[in-house]
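Okay, so subunit A shows up in both of these, paired with subunit B first and subunit C after.
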Partner chain A sequence: MRTTTGTKADAVSSILFIGPALLIYGLFTLFPALDTLRLSATDATGLNSQANFVGLANFGALAADATVGRVLLQTAQWLVLHVVLAGGAGLAFAVAIASLARTHVFFRTAFFLPHVVSLAVVGVIWAKIYDPYFGLLNGALDAFGLGMLKLGWLSDPALVIFSVNVASSWQGFGIYMLLFVAGLQNIDNSLYEAAEIDGAGVWQRFRHVTIPGLREVMTFVVSLALINGLKGFATIWVMTQGGPFYRSELLTTYIVKLAFQFQEQGRAAALCVVLCALAMAITVAFNRWRESLR
Partner chain B sequence: MLKFMTAARAAASGLLAAAMVLFLAEAAAAQTLRMWGPEQLNDPEIAKLWNEIKADFEKRNPGVTVQYMQPTGTISNGAVQAAIQSDAGPDVLLTNSGIGRVGVVANAKLVQPLGAAYEKRGWKDRLHPWLYAELKRQFDGEIYEFPDGLDVIGLWYHKDVMTQKGWQVPQTYAQLLALFDEARKAGLQPLVVGPRNNASGGHLFGNLMQVTAGRDKVGEVVAGKRPWTDPAIVASAQRVIDLVERGALAKDMVALDLDAAARLFFTKRAAFMFAGPWFTSNARRAGYDLDKAGFMPLPVDPGQGESLPTGGVGWSWMVSAKSKQTDLALRWIDYIVSQEVMVKRATHASNWMVFPQALPGLQPSTPILKTIFDSANKGVGYNPSVYIPGNVVEAYLQAITGLVGGQVNAKDAMAGIQVQAERAARP
Partner chain C sequence: MSARRVREWPLAAGLSVPLFFVLAPFVWLLLSSLKSEMEIAVAAPFSMPDRLLFENYLDAWNIGGFGELVVNSLVNVALVVGLTLAVCAPAGYAFAKMQVPGGEAIFYVVLLGLTVPIQAIVIPLYKVLSALGLLNTLAGISLAQVGNGIPFGIFMMRSFFRGIPDELIEAAKIDGAGHATILLRILLPVAKPAILALVVISALSTWNDFFLPLVVLISPESQTLPLGLVRFASTYSTEHRLVFSGTVVSFLPVVVLYMLTQRRFTEGLTQGALKG
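This part shows the complex of A and B:
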């Protein structure tokens, strides 16, 4: 009898504890996600109060939209660049500061600082750095007699995604660095000592001790970077608005344009569903691949 | 004594009842007019002006309180629509307009038709005749806005630089091209544009369309009655490419926004730039001496287009369809567009607006504004950015960056805009 009462009390207290979080999750995550799914099957424009059910027509329209193909390709480019630049910088800086004894905290804080700056502000700052006439980058190249290396960082269609991604990765790498630093601290130091005794050089120690030791962290960082990459929006929006001539348009910027400039919210919701499906597919595929390597 | 007490109680009750009636009558008469805008209320000078206007209106309309709502956006980003659809939205709005934007809220029945008010209140006579004719043309004779300010975009130049170099103000497009060559030889950027994330590219292209195709053809194009692939419009696009190939316009300017382009102009590293009267505000912030600024419509070669600045309605008053105080909202517009208030606003130190009616004897704060105001009296061509729907604007501005950056040819660029124009025209 006491046991039953205890179980009931446990259930009630569990519900009371979980309830608020569940309510917030349901209201602000689950409901908008389900509503987006509903919108994707309507002709909602944001202006018509009664959106009609159109089935899969929005997905058909997206398949016929030439911009979507280009945007998917550019989003893939953006994704790879984010993983390589932000994830790579995170790993490189983590390894570089790991061996520092007295200045470790200083550098860890300093390298993390860009992450606390808003992406919109980062966009404004880097747009000024890339300015072809007054910008810091081309100005510095000129000052060091390297004028021939001056490039149209935001005007060259072949370069624009890379340039904006550098800005975005500069803001984002700090969090990955912290994760790698935590991972490095968990690697048993005796493994390095043993490798050194066996005659392993710096590269071999990195290749055969550090990398395997960071396997779990790397999986997490790459998953996180893939999802963050897919969400890339603010720097593009502030720095190029998808230009020049659509060459930096991403899924996210196109969704915003469809929803709020074109007033095609049904189609925008359909593209959100595509983005969500892509995020899930990429994450699952990556994790399965990682599992297969074990 | 008892009689006196009874009488006093009766008198007190009577007074109380009278006070209650007065209070209730007052409460019933009290009205709050919620107004969306103006946008620049954070500027103390502008806030002072608008608070004076509000106080004057309230004085003339006892029992009325005007409440300004800080705009959270425009029709383009859906903020106006969201505000109107809410139950706490404005009665009257001052926001960015142009047929492209007004069409969005008019077609969604979010704003009230004002045609009857134009007739009843004589508003027609408070607009330039060409402007009234333009408004009547847009929605099959119905009007949904009262213009508050016009944009007048033309070519800005440095009068002092022209004098120093011994250059003459060009009278034809050919002379302008020759002057661009001279400017380049003198180490200046001949023409600067900042199309990266705003309408500066549209200012350039709108003016080129005006001088190449002429006002009527451009009007037909923005109204969807003539395709963007019309040879005259394709020729306008080709002129952008020609300017780049001639060295008058640098490819890397697609990386500039309006501020960056303006910096090149204000530091006199660039000779010409397309801008409107609002550019005086940028100039003051940059410490540029406006007495040395010149303004002219883009010139034409004989037998081509028309030399008119482009622009059209930039800001308008509209009445929310959800307002329960339509009459009060109309009274506010009546008041705000009266000559008295227009002159008060036009002569204010912060003003750079071109008003929608002729204001005789008006002395703008700078000579450049007088030049711009005078050019508006003669009428303006179309700045397509404010006349076309959102998806077409996007294709239009992207196409301009493609033309300047050498990524697309004239025909394909215009075909891309046409695809979006057809998409927008579908029900």
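This part shows the complex of A and C:
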């Protein structure tokens, strides 16, 4: 902290400056975070019940719960899918539009459009796209004579996570694309010229100049995509409610069910602690990694 | 760029194919929202409507109460953006340029909030809002959203103010200006990039929020647009023309606003994401 302009009067007025922010942050974020930790060690059930201290029993119960194992596994699948689909699309489109001059802004703007739509609205849209009778997807497959490829996109337990993830990634890739575009602008043009003089083709220039030049942005995008994936909730909630048979249940949706439908607040809080720990672990790990690249 | 060798028009033509797939849902929704129920059932997905049934929009708007939802969403966004700026600008200034007792420790506690997903704190948050009598109110949800956005807002404003030379502030002090005057008259006018990023990010995330409204806003009169649309779509799930036109109403305003302001919007989002 810099103290060059500090005096005693400063100290007093600084409290006025940070006070309102700290009050709101403390009341609506910090206290709830700490209280979640406390709740996770209790057997709280209803919203107003008397809760007893139970130590780590909730975490033990979670570990023994087969649904929780499934939820964690599916959350991991969900994260990988989001990084690959949304991160991959973001990278591919960024590289393609970066080499455009006159149509650059047009394509950047157009590809970004899905990102301004609320994920809940995206859920409504894609539920209709996947609708077995009225949906765009099966309708288009029919129109192209590919009727045999029609599937129950949201009712097939093996397919549902993938189907919903496509919807989320459709909405999500735009911001990753913008970050890659910004990263590409920072790559020194002379590196490309040098590579060209050395006879490097398009692929070699991509492989040996673009990819190394994007390393830092890439770690950033991957960590952002992992965190966004971890927070994923709205599309699942709107499209499947975690079904069929919990086969699209994620950490976030299961927390809401445990807390507000099953009234299992202690266990839900324990799962909240797991969610929070995962988010922090991802953030810290990627910050370390990024610093090691510098 | 990498591709002074790649020719513009062939690449642009090639890119139009993925672009069509990315934008196809929008086109399909726009076309379908103007069709009759019968046409939606039997006609090809991208066929032009026989007759443009704008009354679908009128019906959806009236039946779904979209007027109220839009107003609620606008009030929500205005409260969150206004309050976020009003508390984060002074706090960011204090952390950057003033001697705050225990400042470094406090700042790290605030930063901790950057990594806490809102879903992870929702149980006590619900109780706090309930205890304050703020459940089911736009004021309550706005305060909770501001609280969740404050770590990012403070971080953003602090990084910006740190880049401003101390001499500027010293000079103003010699002229007798207090911190409030310095912040309002000297720093905020030059802080446009940071403010732009903060406004774009907090406005977009508030307008699009679904999770908190779902938990906090129970009665229809207090609901915001995404939540209202989801409720509407499940109530009228068999009346596709209504769901389609309601959905278009929900995304079109932001899409148009984005297209009109795309340069600033993009700049704000990119800067915000890179700093945050």
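Heads up, the rule we're going with is that the second predicted complex is superposed on the first by the 254 of 294 C-alpha atoms of A that agree within 3 Å, B and C clash if a C-alpha of one lies under 4 Å from a C-alpha of the other, contacts with A are read in each partner's own complex, and residues count from 1 in each chain.
Methods note: a residue touches a chain if its C-beta (ideal position, glycine included) is under 8 Å from a C-beta of that chain, and two chains touch if they have at least 3 such contacts.
What you see is a predicted model; the values in this text were computed from it and never measured.
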Which of subunit B and subunit C A:F134 touches, first, second, both or neither: both
Contacts of A:V121 with subunit B and subunit C, given as first, second, both or neither: second
First (subunit B), second (subunit C), both or neither touched by A:L230: second
Partner chain(s) touched by A:Q261 [first = subunit B, second = subunit C, both, neither]: first
Which partner, subunit B or subunit C, touches more subunit A residues: C
Which superposed partner A:F59 touches (first subunit B, second subunit C, both, neither): neither
First, second, both or neither for A:R205, with subunit B first and subunit C second: second
Which of subunit B and subunit C A:F286 touches, first, second, both or neither: neither
Subunit B versus subunit C as contact partner of A:P157, first or second or both or neither: first
Touched partner set for A:V238, first subunit B, second subunit C, both or neither: both
Contact residues of subunit A, present in both the subunit B and the subunit C interface: 47, 127, 133-134, 238, 260
Residue ranges of subunit A in contact with subunit C within the complex: 1-7, 10-11, 13-18, 20-22, 24-25, 27-33, 35-36, 39, 47, 93, 95-103, 105, 107-114, 116-121, 123-129, 133-134, 136, 139-140, 143, 170, 175, 178-179, 181-182, 184, 187, 189, 192, 196, 202, 205-206, 209-210, 220, 224, 227, 230-231, 233-234, 237-238, 251-252, 255-256, 259-260, 265, 268-269, 272-273, 275-276, 279-280, 283
Subunit B - residues contacting subunit A, complex: 76-78, 81, 104, 107-108, 110, 195-197, 250-257, 260, 263-264, 269, 390-391, 393-394, 397-399, 401-402, 404-405, 407-408
Subunit C - residues contacting subunit A, complex: 1-6, 8, 11-12, 15, 18-19, 22-26, 28-29, 40-41, 44-45, 83, 86-88, 90-91, 93-101, 103-104, 106-107, 109-110, 112-128, 130, 143-144, 146-148, 150-151, 153-154, 162, 166, 169-170, 173, 178-179, 204, 207-211, 214-215, 225-227, 229-230, 233, 240, 243-244, 247, 250-251, 254-255, 258-259, 262-263, 266, 269-270, 273-274
Subunit A to subunit B touching residues, read off their complex: 46-48, 127, 130-134, 152-155, 157, 238-247, 257, 260-264
